[in-house]
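Here come two complexes built around subunit A, the first alongside subunit B, the second alongside subunit C.
Let's look at the complex of A and B:
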């Protein structure tokens, strides 16, 4: 597979994104303002963080349906550790993040040790982690966080939302790891042909374990930012997040069969979705109408890609 | 027993072969029986007619949707949009009913719509080779978003009494239960004894082998999705008519509940194995557990955690059994 081949989907997507931005900017004056764009960046940060790890997961040929539930569970634990257990908030944040990471590690262990297909393993933990969030919280929400905590979700650094810096930094790191390191090459190799990867001496299980653990960590990080942004903790946080994340990653050109995909593609996919959501809402399409458009765009983009591949004899 | 052993080689009696073929179904059935015995002993009211009616009739639509889902998964695919489709069907049916159309049109037209939509989805999956999870993820957005923007979240009320098919009780048993049992039996026989039913297993087990054997895998997949639409349509009608109002939303994660019923019932996510008897039993088991928690005074908020643990246990046991069989 050549670099040109890998980049083709991203090029189409970039053109599509630019076109969408131009059309949307013409539809509404409010769309192409710094304030609106930065605010949209704030709103896509949680999905974006999780999508970074999901790109790796899908490149290995796997899937993680439990990320939304891990987000919910981490959010609930953050509230419980702080309010009910009485830990200082910074310590509660670390403890909750650790639990999110362990939840991801749990997924990885079930998938690698017991050879359970990722779709089923994470379907089970989707129910389990969300169930723990509901059971532990008993549907009670936690409020009253101190003022400094809201910096992560509402604060700004040099005029740009804090979480956008974080997302930018982690996107760069993820892009470098996937594109330029041996770990990244191993990730592609596992997804392209797991047996071949194993016989080539790649530590397949260790690679997967790291990736699912990272997904848990990033879902936990997204949870902290989510709680800070909305100032409250509820057990239904992040419900359906997995579908938004997967839509973004797949729209970004990552093949659901594994072995193919880039962080750049994922970033473009997410930007396109967020721009469509926001731009259409500003031009008067009701919130739920935009979901329809995203569904159509997802199918159309993949369909175009599939036809393109076939014409090239792929 | 010894008599049977002489006719069956490798020392396996027909009875044990039967057990082996329906391993997962029997485990689920025994779990239901154990649950009734234990919870019934702790709290008599669990066994009351009212509660048993509520368990079976209230969840029949999930079991019926799981029949279609099982066929889809056996064929090697998946559908994450079925929850939204059920919501769309329910709203369509309710709208037709309150607009003065004859009730049979309000029942049949949405089912035909569901068949057409899912046949289209199946064709897209079969002929473009786009993975089913991607196509149905897109459909999930389209159906869910479409439903909420068309209804604007409004509820449908004042439904005509003759429209409420799920509340009818032929021979004293709720019609939803008749549908569940009847459709499960028909679908089980269909999958086991018809050419098309066998083709579903063949295509899911090994698509290239199926093609080499002269089957048309694409046509089979379109047929499976059309059938899945039929079952989802009936599920939608039952869902629409079980309460006096139709909300524009369905229970969250309904598609996952349906998929889970199929998987716990023994349908392998890898395709090629599983039965609809298993998925129906699993749907009943979930309903029993949900009800049991209430009667055992356990907070209902723990329900999902219990379900999650059960799925995990089932899957791990299944993997262990497979490894031993190898």
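Let's look at the complex of A and C:
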């Protein structure tokens, strides 16, 4: 658990990412342009936001499978609060975000109060929140949002997509919290050895509660941006999002057994996957081929990480 | 033990709330106005409407020049879109000046489809053909394509009109609704009960058909009883399970199942076969002939309703070429589509492929898709 070792995985990943960027830029002259890269940033923002919280979750040795469903539910609630309940849109956004946060808090309570393993608890809420989304929506889409609302998902600030600013800001905050604060150290301690952490006086349950609540909040935030980007709400929004998020986090070097992982790693993992998806598509590789390459890269990166650990007597 | 009970209770609640909160009309229909056809075969008159499609900005002159076209269907790897792809490639070959390829997500996912189109805009194509997973969600990225001077034509599943130039309509919704309900009434009688297996309640085509079916049944077969609509997401396994659940849930009351997708119909037929209910429960639905041949041969399924998706892809490609050449302009009343002849323009910016087609034991052998 030394800083040096943590740095090593990220170094490998950074080199891999730079290599991928160089290769992809050579494969297609459309890839390494400011316009394309910013656009890709826009497309990965929703996954990126949720991945920040997921890094914390996995570092504690947990998992949150319900984030995609929370995204779907928050999206639907945004539409319902605005159109059916008649709240002004800004208020509807806040209310929907609050519900997303509560959904995350719900996960945290089930996990900490009832000692349900996170995998089981969030598997259940994956179904619960998606079911609520479908039930509440009455299977109808909500459309016709005012023009200003599309700013969050489609607008630009100083030439950079709005959500990329948000993602950058929150990534920095998450990085600081995980890397430099007491809360961050508590997070690692919970994941490394929960019993030891408990006996060391760390507030294990409170830490977890905060983290799952944050996951709900960020999934809700991603929902608002997603709705703004695609201009409609559907109850199936965010289906499968949890897999994209977990893939990015794990590729970023966060150990699924807990106690290990960084925000920088997660960011690199997400960038690598997005670059591969986009770059391969631009150089004429079809969708199915791209998935194969991503699978191979994922396995290679994880094997490399595992070998590395063994060599160091990990 | 308590943990498990809690998880099960949560899971159960989640599943139940999905159905318990559903509305009173036929679930799965949309809330747009319906226009049921006459109970006999009187054709509907086409109402005149101004062009309401979009137009690309600063498109280069592509008349007669080679163009690069990408086709992004809802998903790839299923029989239906393989057939439209075949039609697109046939047309491209016949035209000789089109480089066409199909690429898209392996699941009918709005976000992935948007990303595919976005990437092809960046890579610089001349034309985009699409079948939308969601009419509104796909609109921003299609508008971006138009803004970049790309010709955009939809087929199979529409977007909002101003996000594309033309849409090739495979069959009008009320036509399909009438064909399905009439076929079902013929098989289970005027007082039979039936259920519907659809993709998702918000998938535009299926929602529209169900709404039209509901309206047509109310007008022309008022005693038929609708039991339930279930979602199966164009997933083979899920469709089979949903159909099996319906058979077990309603028992002898269930006389017929509608399959609303090319995945749900064969899966429902398989469920009926495995339940040993062939002849007792009719399956009527939309499907590709190849998937239905075994069930039609065994007399388990009598009518399969569809249009010809190869023709649909072919027409879409022909329309895109005509738009790129400038021969199809806003205000036109028909378009020449190669071997299909003149196709009629309807609803302002849509092109009608023709009347729906019912495959039966007598003719299904002639089709291979």
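Operating definition for what follows: the second predicted complex is superposed on the first by the 313 of 314 C-alpha atoms of A that agree within 3 Å, B and C clash if a C-alpha of one lies under 4 Å from a C-alpha of the other, contacts with A are read in each partner's own complex, and residues count from 1 in each chain.
FYI, contacts are C-beta pairs under 8 Å (C-beta built on N, C-alpha and C of every residue); 3 or more make two chains touch, one makes a residue touch a chain.
In this text the structure is predicted, and so the values were computed from the model without any measurement.
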Partners on subunit A (subunit B, subunit C) - clash or fit: clash
Touching partner for A:206 - first (subunit B), second (subunit C), both, neither: neither
Partner chain(s) touched by A:237 [first = subunit B, second = subunit C, both, neither]: second
Touching partner for A:229 - first (subunit B), second (subunit C), both, neither: second
Which superposed partner A:304 touches (first subunit B, second subunit C, both, neither): neither
Which superposed partner A:247 touches (first subunit B, second subunit C, both, neither): first
Which of subunit B and subunit C A:282 touches, first, second, both or neither: second
Contacts of A:141 with subunit B and subunit C, given as first, second, both or neither: second
Touching partner for A:19 - first (subunit B), second (subunit C), both, neither: neither
Touching partner for A:36 - first (subunit B), second (subunit C), both, neither: second
Those residues of subunit A which subunit B touches in one complex and subunit C touches in the other: 110, 114-117, 120-121, 123-125, 127-132, 134-135, 137-139, 235, 239-240, 286, 288, 291
Residues of subunit A defined as touching subunit C within the complex: 28, 30, 35-36, 39, 43, 110, 114-117, 120-121, 123-125, 127-132, 134-141, 143, 150, 154, 226, 229-232, 234-237, 239-240, 277-278, 281-282, 284, 286-288, 291
Contact set on subunit C toward subunit A in their complex: 2-3, 6-8, 10-11, 13-23, 27-28, 30-31, 76-77, 101, 103-107, 109-111, 114-116, 118-120, 122-124, 134, 136-140, 200-202, 207, 231
Residues of subunit A defined as touching subunit B within the complex: 63, 110, 114-117, 119-121, 123-132, 134-135, 137-139, 235, 239-240, 243, 246-247, 250, 256-257, 286, 288-296, 298-299, 302-303, 306-307
Touching residues (chain side subunit B, partner subunit A) in the complex: 78, 80, 124, 128-131, 133-135, 137-149, 152, 252-253, 256, 259-260, 263, 269-270, 299, 301-309, 311-312, 315-316, 319-320, 323
